[in-house]
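Chain nomenclature is as follows: A, B, C and D, assigned in order of appearance, with residue numbering initiated at 1 for each chain independently.
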Amino acid sequence: MAASNSQEGNDYEFRFSSDMTLEDIRASHRYFCKERNWGKYHSPRNVLLALVGEVGELAEIFQWKGEVKQGLPEFTEDEKQHVGDEISDVLIYLVDLAAQCHIDLPTAVHNKLQVNAKKYPVNVTNGTFQKYSAYGEDRSLVGAAVPPERAREEGDGSE
Amino acid sequence: MAASNSQEGNDYEFRFSSDMTLEDIRASHRYFCKERNWGKYHSPRNVLLALVGEVGELAEIFQWKGEVKQGLPEFTEDEKQHVGDEISDVLIYLVDLAAQCHIDLPTAVHNKLQVNAKKYPVNVTNGTFQKYSAYGEDRSLVGAAVPPERAREEGDGSE
Amino acid sequence: MAASNSQEGNDYEFRFSSDMTLEDIRASHRYFCKERNWGKYHSPRNVLLALVGEVGELAEIFQWKGEVKQGLPEFTEDEKQHVGDEISDVLIYLVDLAAQCHIDLPTAVHNKLQVNAKKYPVNVTNGTFQKYSAYGEDRSLVGAAVPPERAREEGDGSE
Amino acid sequence: MAASNSQEGNDYEFRFSSDMTLEDIRASHRYFCKERNWGKYHSPRNVLLALVGEVGELAEIFQWKGEVKQGLPEFTEDEKQHVGDEISDVLIYLVDLAAQCHIDLPTAVHNKLQVNAKKYPVNVTNGTFQKYSAYGEDRSLVGAAVPPERAREEGDGSE
């Protein structure tokens, strides 16, 4: 089956395997740096430039490829591994940057998803609940922002 | 108390508030795009360029600031909110990119943290356990890289 | 003498040595690619991602440095050479990108400098001409933004 | 005629219109900043982050486009103008960064083109001279590095 997140009619959906949290990543990276006394180098702009460096390494993997299909079918296993490594490096520095800035990343992401949902409204008659139900209330961070009772009444927490 | 993740002697450590997972972010963003039939635009290189765009918006907030202190004490509340918004946008696209590439991001991050821990060894006589104990067993993804028996011998309770 | 472009009272000004043009760079890079039959890889988005990759390599040189002084006095000769190499790589891809997009870069830069000069007006009583004269008639692209007649009166022969 | 820099057999070659030099851009931008007393903000890392911001704005124009053809035939005039503006912004900050670092950009570019030419050798039997002659010695910055007499003997200044 050709995996695709973008063919709207396609039931297949790629999912992540585990429940790794943003706090798991922050604490593990912090532990790694503290063990090595590297924390002193992690000022906000240092980490931001390190993040830009890793984004550059990620871009390099895709630079001569032309358009690339979902699931990277044309990539070798090594290339796919490399993509995963570089996305991870970007993520680790991004989480570190939030921590250096004392920004509560889960709250910031939660709020941003809500703002986006309001900014780009969906026609309510558009089978929202059916789609929503495929995720479940406990999965929707958007829904999670709604008081349980309102969410229940509406059956849709998407604003 | 002046918060700081980088003063090694400082007991204070900034932490994220919730257990938001990478899969929470993926599923919520996927739900958001599916509701709007936007999935078709989310090819790997499109999302990668969108990510680069958001990294640029993040950099713009810091560009004329000179060196910036941890916790962003000189930033206004609006600026700090803006930083959180842009870090969130980068994170959402980064998670989306991993999903478009069918890369299991939690596994990739876990492996990268292990590789980094082996790549930059810590002097074993260096009070690792004491430092580790501040984090708790269920938090260290790095610790998971140590074979259980070795970990036990060393008194490194890192899983 | 401490070189500085930013101390307004300082007479010293760093200048480039030669009259290398944007077209020199375009033609030389084009010649280099044509000799190797590499042109076919240079689609706009491929070159854009290559540019992002080089910006990342440039950022990596500065990432753990904290604030850096003009002229890079704390950098080793090798590091300074490295900065020059990476800035050059970014420039070569930027010129290539403009060519791939069939954008006349000299005209685009000229127009942008004019737009910026109008967007951020300077108090006319503020010794502009005196400052201008320090650059020489044939050098100011900004001067080209001045209506020909005013330019002629002022002896501003910048077009 | 379909313009293309990448079809090797195609005689058409897009060229820039004028002889704007890197020093023209440096002096004009420097003049612009000096008039406004903005020089004090232009530290190397500030300018580097401003550059990253402009690269982000450039990427945003291409982010939802999928693969894009040379000459941007599918772009509106406004979009093409926008691309030219953003490429110009990146170039202006790149030139500024070199100046802040006291790096002689023409020399750095010249050397980088030479290093690349040696790094990726061309089969000498491969009509190099014929291709080279299409540009002329005075166009090749690579050639320009060779003492005139050696260049003349070889009829090719490409190393």
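What we mean here is this: contacts are C-beta pairs under 8 Å (C-beta built on N, C-alpha and C of every residue); 3 or more make two chains touch, one makes a residue touch a chain.
None of these values were measured; they are calculated from a predicted model.
In summary, the chains found to touch both chain A and chain C are B, D.
Two copies of one chain, chain B and chain D, touch each other, and the residues they use overlap strongly: the shared fraction of interface numbers exceeds half.
When the C-beta pairs in contact are tallied for A-B and for A-D, the bigger tally goes to A-B. Which listed pair repeats A-C comes down to matching contact pairs by residue number; over half match for B-D among B-D, B-C or C-D.
Chain centres here are Cα means. That of chain C falls 10 Å from that of chain D. A straight line joining the Cα centres of chain A and chain D is 35 Å long. Look at where the CA atoms of chain A average out and do the same for chain B: the two points lie 10 Å apart.
Counting partners per residue, chain B has 41, 43, 45, 48-49, 52, 55, 59, 62, 65-67 as the residues that reach two or more other chains.
By the touch rule above, chain D contacts chain B in their complex via residues 41, 43, 46, 49-50, 52-57, 59-60, 62-66. On the side of chain B, the complex with chain C involves touching residues 45, 48-49, 52, 66-67. Chain contact summary for the complex, chain A toward chain B: residues 3, 5-8, 13-32, 34-37, 39-45, 48, 51-52, 55, 58-59, 62, 65, 67-72, 80, 83-85, 87-92, 94, 97-113, 115-117, 120, 122, 126, 128, 131-132, 134-135, 139-142, 158.
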